[in-house]
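Attaching a single structure in structure tokens format; questions to follow.
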């Protein structure tokens, strides 16, 4: 296996360009690549499109992690399933400052997976007869209706792992897994933030969750 | 976690009825539930529809495993991706004795997964412009054509695991994993043949591949 | 008869729905409390849509694991026999019909089984999260809600006015006055909770209610 | 000039296609031999569609593991840093464009890039297995074939007559006389293998061949 380059947070975030779409792993802050997000806030790259489960929990006194980038107005567009724990997102949406699109969680993750595995889309019953249906093709299969949902790719995925081996094979920790393995398949550039680095061969082939071939760069958590 | 019933091969195969569709895990005999298949041959239940990656390797002197059931004419229909290692399947197909449908391997496994995860189908580029396209809806997404492939469920799934805990959580061994975890999601009755049985809690929650909730009965490999 | 809101009774009654082996997803807020009242001898498997089966009680103070939370982001534990998975698998389990019961809070529920719980246009828009997939995918959908709004109106509507989370998917509504099945565009009152009476429920609820033949007043 | 078939030369030439880090799937039969000739210093990751990355050499006799085979069902080994997965993930990797090169044997290949390798109607029907997804999903598709059929005809066709595995997906054809790129409905001869000459190839192949400006005769 080829060794992957281990780069600094600064190098990593310099690879993200104004206007990029950026997938960010995590679920209400659990399993979020916070060191990378901290670096991205430092450099201030903006006009980004965020693809993430949610917009994090805002601490209004001391915004950190993903909410800090939202307060900083670095996203012009957000594709998320839930914003209830970050009122600033709702405020920006209602004020027309940010284009926030709400996507059912199961549809969001399957759209990301769909892009990563080379499908052109999928049919789901989720969202039928609701506002989610708007603008989408409805397909009837033997009298049952489904929405056609399309794949969702990004320029960059920022994901968080517990352990990386030097080739980029990844292990996650409990519910910090969430969207991370799926996003690792579906972006042109995949940067993983890992808490621990081990030698190639240290991880049992049966236990690896994300294969090294999906990973471009490794950054160590600060 | 609730303990699952551990039953004998005989009890297990008695739950399969004439005319049932049966998914069988395995890839050219690797990861195939051979004890269950042996039992199914004994009772001779027929008019079955087989859903499996392939039709196994036939040893003409001493057919065992899946090929023995094929020689025994227990399948009236077979949905498989490959039959090259079992000439008897090709003979039955060409003679019009058995309805053999060839499905691209990636499409076959994704159709099974699609049923297990509640989707109405998916769009794939695989098979466009070939005989695989026949009878299928072609959907154009922004000028790119895809085939619409539909979910595939079965009455019964016979799967093979290396280790089961008493609640039915499963571990597989290397390439004996293959179709087994996907089939475990997509049948009304799921019977797992396991080589080893361990206590609930003995398997690390991070390592379980198939969750107990998919499994109905456990049978020990003979 | 005076109405005194009682969330605990809602949780207690819902906890009696399950059989041993049921796979159950409990929504954020009130539904989470259901776990505290599951009858002895009944073993359910709690699914948490952020990625595991075998949700256990909250950890002791100081023993929280930053990598183990429920779908509301709160620290929890995992029981022996539980397992972790990614979000695609989690929603595969949910949408694929492998969850037997989902219990959700609502903003509105109506007698057609429509549910609204993600958006009050122009005011509050938490988003639908995974609720929308849960409601479509779970075998049985139970809406958990106080019977009355603060202004005295009922949460049980004839027709939802807010944007819907899902259409015609709710099977049961459990409030702090009774337990209702939704059928044929009506609320069928199956149990009324002491001290309330069937008359009280029918009179105070602005919706079509039918009283089941075997409807009884029960102590929760 | 006499033609003597030479499968080894095909495998040797294909092995020079890859860069370090390439993810490669080698089909059953002749393509499997490519692994033996990968140049020193080039580290590729071999994907096996039955469910793993990091395919290693065949095990010593007596050290076979019944649970570790390649896509042809033969015992193999797994290298450090490899990993196992189910078939849905395997074909996700394949169809999702995460495999850089796929090398396949053919029954026929034509100058449009069409490929036939799963069926001779009424005679032999092995089935398409995973080849059809590999050909559609991999970034670069290399067809590996002897240049001539036993009857003296060429395997490189103007137009396939057998049912197609995939349409217009083949990028390169490597035979035992040369290496061809498929472009603009022609075979572009990029290299001719000693002792054969460009004249020999053009004269003996019943298809449209253009000789690349930089085409050279090379020793394999």
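For the reader, a short list of remarks on this structure follows.
In this document, chain identifiers A, B, C and D correspond to the written order of the chains, with residue numbering beginning at 1 in each.
Simple rule for what comes next: a contact is a pair of C-beta atoms (placed from the backbone, for glycine too) under 8 Å apart; a residue touches a chain by one contact, two chains touch by 3 or more.
Treat the numbers as computed from the prediction; the structure is a model and nothing was measured.
The chains that touch both subunit A and subunit C are B. Between the Cα centres of subunit A and subunit D there is a gap of 36 Å.
Taking the mean of the C-alpha atoms as each chain's centre, subunit C and subunit D sit 56 Å apart. Remark: subunit A and subunit B have CA centroids separated by 33 Å (rounded to whole angstrom).
Shared contact sites, meaning residues of subunit D that touch two or more other chains, fall at 52, 78, 84-85, 91, 94-95, 136-137.
Shown for subunit B are the residues that touch two or more other chains, namely 110, 113, 117-119, 124-125, 172-174, 205-206.
Chain contacts in this assembly follow no simple pattern; the graph is neither a line, a ring, a star nor complete. Listed by chain label, the pairs that touch are A-B, A-C, A-D, B-C, B-D. Considering their complex, residues 110, 114, 117-125, 139, 141, 144, 146, 148, 150, 171-174, 205-207 of subunit A touch subunit B.
Across the complex, subunit D is touched by residues 1-2, 113, 115-119, 165, 167, 169, 185, 200-201, 203, 205-206, 208, 211-214 of subunit A. Of all residues in subunit C, only 20-21, 23, 43, 45, 52-54, 78-85, 91-98, 136-137 touch subunit B in the complex they form.
Across the interface of their complex, subunit D is touched by residues 27-31, 53-54, 57, 80-85, 90, 93-94, 102, 104-107, 109-110, 112-113, 124-132, 162, 172-182, 209 of subunit B.
Residues 48-52, 65-69, 71-73, 78, 84-88, 90-91, 94-95, 118-119, 122, 124-130, 132-133, 136-137, 163-168 of subunit C are the ones touching subunit A in the complex.
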